[in-house]
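Next come two complexes built around chain A: one with chain B, the other with chain C.
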Partner chain A sequence: MEIKLRRNAQIFIIDIEGDMDLYQAYKLKELVAKMIQKNIVYYVINLEKVDYIDSSGVGALLYVHSALKKQKMKLLIANVHGSVKDVINLTQLMDYFNITKDVNTAIQELKPLIT
Partner chain B sequence: MSAPQILIDENNTLFDKTGMFYKKFPSDFRQIRYYTLLIVEKAPAEMKQIYLLEQQISELIKNAVKHGNKSDPKKFVECWFRFEDDMAHLIIQDEGEGFKHLEKWNEFNLERTRCLQERDFDALEQYVSFMSPDSDQNDNGNALFAAVQFWNAGVVFNSKRNCVAVMKKYHHNKPWRHLEED
Partner chain C sequence: MDFTAALPRFFAEVFLLLLWLAALKKKWDRTPVFIGWIIVILVLRDAAVLFYPSEYLFPLSNLLLVAVYFIWIRSKTGFRNLDIAFFSFSAAVIAFIVLDMTLLNLAVSIFYIDLAVFAAMVYLALLLGVFSEFTSEKPEIVIRTRFAIIAVMLLYQVSVLLYGYSNQFSVSVVMPASYLLHGYILYLYLGLASEEDQNTLKAFRGDVEALFEFMSSMGSAIAEKIDIPSILNIIVQSALRNTAADAGTALIVDKYEDKLNAEAIQGIYPPLSPVPDIASVNPTVLKDYFRSHPIPIGQTVLGEVAKSGDSLFIRDVISDGRMEFNSENNIFLISSIIAIPLIVSKRLLGVISVVKRAEGQFFSEQDLSRLQTLAEFASVTIDTLYTYMEVLEKRQIDREIGIAAQIQDKLIPKQLPELKVANFAFFSNPARGVSGDYFDLIELDSHKVGVVIGDVAGKGVPASLVMVMIHSILQLILNSEDEAYKVISWINRGITGKIDIDHYATLSFFTFDEETREVVYSNAAHHPLMFYSKKMNKIYRVETRGLPIGIEKNSTYHQKRFTVEPGDLLILYTDGIVEAMNPEGVQYSRKSLERMILQNTHLSARKLMDKIKADLHEYTGREKPMDDQTLVIMKVT
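Now for the complex of A and B:
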């Protein structure tokens, strides 16, 4: 699993590529924990290039969702598709996460919130 | 309101090992996905959404290796498995102390299901992660929530709670159909 970070104004886009599994999902938690310390407020997690996720991957998304919510920071998860969508569906958390169609849509949704 | 429950029933028919394949693995955390592939390769080639089956089997083996055997390489995980066109059946046994918090998990899942059905996402905050002293800090305990949804013909533990039997049944006329059609 590789994580790349890019930026659109104050919105940080976390592009994940590869398997979000029991061996690697922790990397997302570590990255976001560091970003929270730097007071970054607006996040998009892009799952376009993730084709496999397991409970550790879902756990990492839950951790990030919860940690950012506590800090009143904003997170949208984009491009939830295929097998990733099926696995999150099994946990019944599709409506719990803030999921949006793609990165551009996420940016358009977050921009009006930026103060 | 009802929620799928994990059962304890030593005599459940899901523990019948007749005609099942058998494999035994050491508790090597690094090899969990490889062990899973060795099992899934016995599934019918025409099976669709095999990734979901693979993912769910991987979770069962992870539970046995990590929670049951505490990744002790001297302890083994035993797997019995059988796949047919319309079902997948597995029994996974470890050498651990057993799932002590099973009743608490069932109660927790009942509340979680209630929040989901009522779409009460504020209340759901308390029930997204089942954390006990033995819980997996990485998956927030959410593997079992998915397991009781996926293994739709039962998730049953033996009396010692170190052996779980699961079964997934698929529609007879449309085997391995898409999950959303369930």
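Now for the complex of A and C:
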């Protein structure tokens, strides 16, 4: 799993590529923990290039989601598709996460919130 | 002109030739080429004099010698237009005199030619006088020999002007002695060349020592503890020692932003761009300021190095002009700077830089090459450390998994209860030594059982602890509370907030009453319960909504209640069963599981289980399961 970070004004887009599994998921948690320390407020996690996610991967997303929620920071998850979508569906978390179609939509949604 | 008179000159030439052969082996500059021409001219002349004793030969060959010297010097400084004008003019004058011999008698024309040669020598002497070590290549040899050249040349010419070429003193002393000048140049050349060899060797030895010293301090640091900042500090310390720098820093590229963070600073490395007044009050504040203000890639000379990936060496910052802010003689002064990118397989890790901070103090090319060697080694080391830390993290996970496996082993029901109206079968196959899957079967007071299957996210000790918690809560509450949805709610309330959210669990739970044959089912985001009804010969998926356990304290859960008949089946399973892959990567799927059940409804729970296991095994072939597999079957009899 590779994580890349890019930026659109104050919105940070986390592009994940590869499998989000037990051995990899901690990277996302670490990254976001550091970003929280830097007081970054707006996040988009892009799952476009993730084709496999296990329960640890979902766990990482949950962890990040709740950590950001506690800090009143905003997270949108984009491009949930294929088996990733199936897993999130099965775990009933589709409504729990803030899911958007793609990164652009996510940016459009976040932009009005930025003061 | 007799042979005896020429003998000293021939001896001198043989001596020159030997020196020249020795000089030829050293590669320092092109001096031997020119001296070679001089030897050729001398030998040819002296041979010619023996057979065709013309007095013209001497002044003309002398002019050629002056011309060779002239070209030698100009090869270091470049030619000027004046040179060509001057030499064309003298050559024209001499040619005129030589060709028109009738004009003057021999002695007078020779005298004029000698005068022309003398003029050329004076010009050469002037050239040598203004020869600058700053604008010339390899100037040392000219600097060291120029006074000898001027003196010998002019003395020689004055002597021939006064005494002519036939005088015994001129022929046997002055002329051969002048040959020694060329020998002297060759001798100096040999000295300079071997001096440089020594220097190169010394520099090389120094580099090797520096690298060894660096490697050994690095090695002991890593043996103590792997900690990137302290490794970087060692790198910077080593850089400082080996370049005699006043301050140095290692900047690492920020993963999240395009910036360079100063992870290690030795000495006082001044900021490269203006700082607020408050920060410039004292060195400590300045150091902190540098540390806490990342440099955007592309900004300041350090940012440029990161952007371009090219090394930077400004020998004299003050006269260079690129770093105006650091050129004033104040707390920000930098007199000389080297910055080198840390790059591994085209990936930029950071930048290492050293500075000198006193006017007139400069780094040398050697410092640059040393730092380059160091930077190369440092890049590879840092990169290896990053990789190593990742491996370490994985090993940590694996070790935890070992402990967790022991905990889980104690949780798994050792024997399944024998009920009058139902039989059970289960199997559990952990994918990597320890399972994230959870299965429990609990007998209640009299005539009820509770069956639960689940999947805890993550593995290792934390996941096992979640299982222990679920297990304990179940044991505690099942006797007093048997409404399935309340049981799930209790578990959720008990666990949420006490575990990290990423160890959430999905749970599928039902109770079965032996007397009433009533099943009550509740689900927390797990695979729905499969219910095979014999009467309808059909499989139903029983589902209730609700979030996984451990996410929200107040999640609401629901339940479904139904009765079962003899021959009916209840099946619970985890991801690993339906997602098991064949070698082509196609999942076993729920459909295959349902097909197996429908084909074997007549079998007992255990036999059906064996059938499914065999089918699954055949399907996946030699593929190792990606995920834990757990399957529970209850058959009503």
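The rule is short, and it goes like this: the second predicted complex is superposed on the first by the 115 of 115 C-alpha atoms of A that agree within 3 Å, B and C clash if a C-alpha of one lies under 4 Å from a C-alpha of the other, contacts with A are read in each partner's own complex, and residues count from 1 in each chain.
By definition in this document, a residue touches a chain if its C-beta (ideal position, glycine included) is under 8 Å from a C-beta of that chain, and two chains touch if they have at least 3 such contacts.
None of the values given here were measured: they were computed from a predicted structure.
Novice: In the superposed model on chain A, is it clash or fit for chain B and chain C?
Specialist: clash
Novice: Quick check for you: in the superposed arrangement, does A:Gln71 touch first (chain B), second (chain C), both or neither?
Specialist: neither
Novice: Contact-wise, after the overlay, does A:Ala25 reach chain B, chain C, both or neither (first, second, both, neither)?
Specialist: In the superposition, A:Ala25 contacts both chain B and chain C.
Novice: Figure out whether A:Met35 sits in contact with chain B (first) or chain C (second), or with both, or with neither.
Specialist: Once the two structures are laid over each other on A, A:Met35 reaches chain C alone.
Novice: Of the partners chain B and chain C, which touch A:Gly59 in the superposed model: first, second, both, neither?
Specialist: Both partners.
Novice: In the superposed arrangement, does A:Arg7 touch chain B (first), chain C (second), both or neither?
Specialist: Second partner only.
Novice: Check chain A for residues that touch chain B in one structure and chain C in the other, and list them.
Specialist: Residues 22-23, 25-26, 54-56, 58-60, 62-63, 66, 90-93, 96 of chain A touch both chain B and chain C.
Novice: Within the complex, which stretch of chain A touches chain C?
Specialist: Checking each residue of chain A against chain C gives 5, 7, 12, 22-23, 25-26, 29, 31, 34-35, 38, 40, 54-56, 58-60, 62-63, 65-66, 90-93, 96.
Novice: What part of chain B is in contact with chain A in the complex they form?
Specialist: Interface residues on chain B, with respect to chain A: 29-30, 32-33, 49, 51-52, 55, 58-59, 62, 116, 119, 121, 124-125, 128-129, 136, 138-140, 142-143, 145-146, 149-150, 179-180.
Novice: Residue numbers of chain A touching chain B in their complex, please.
Specialist: Per the stated touch rule, the residues are 21-23, 25-26, 52-56, 58-60, 62-63, 66, 83, 86-87, 89-93, 95-96.
Novice: In the complex formed with chain A, which residues of chain C make contact?
Specialist: 255-257, 393-394, 397, 436, 455-459, 500-504, 506, 525-527, 545-548, 551-552, 575, 627
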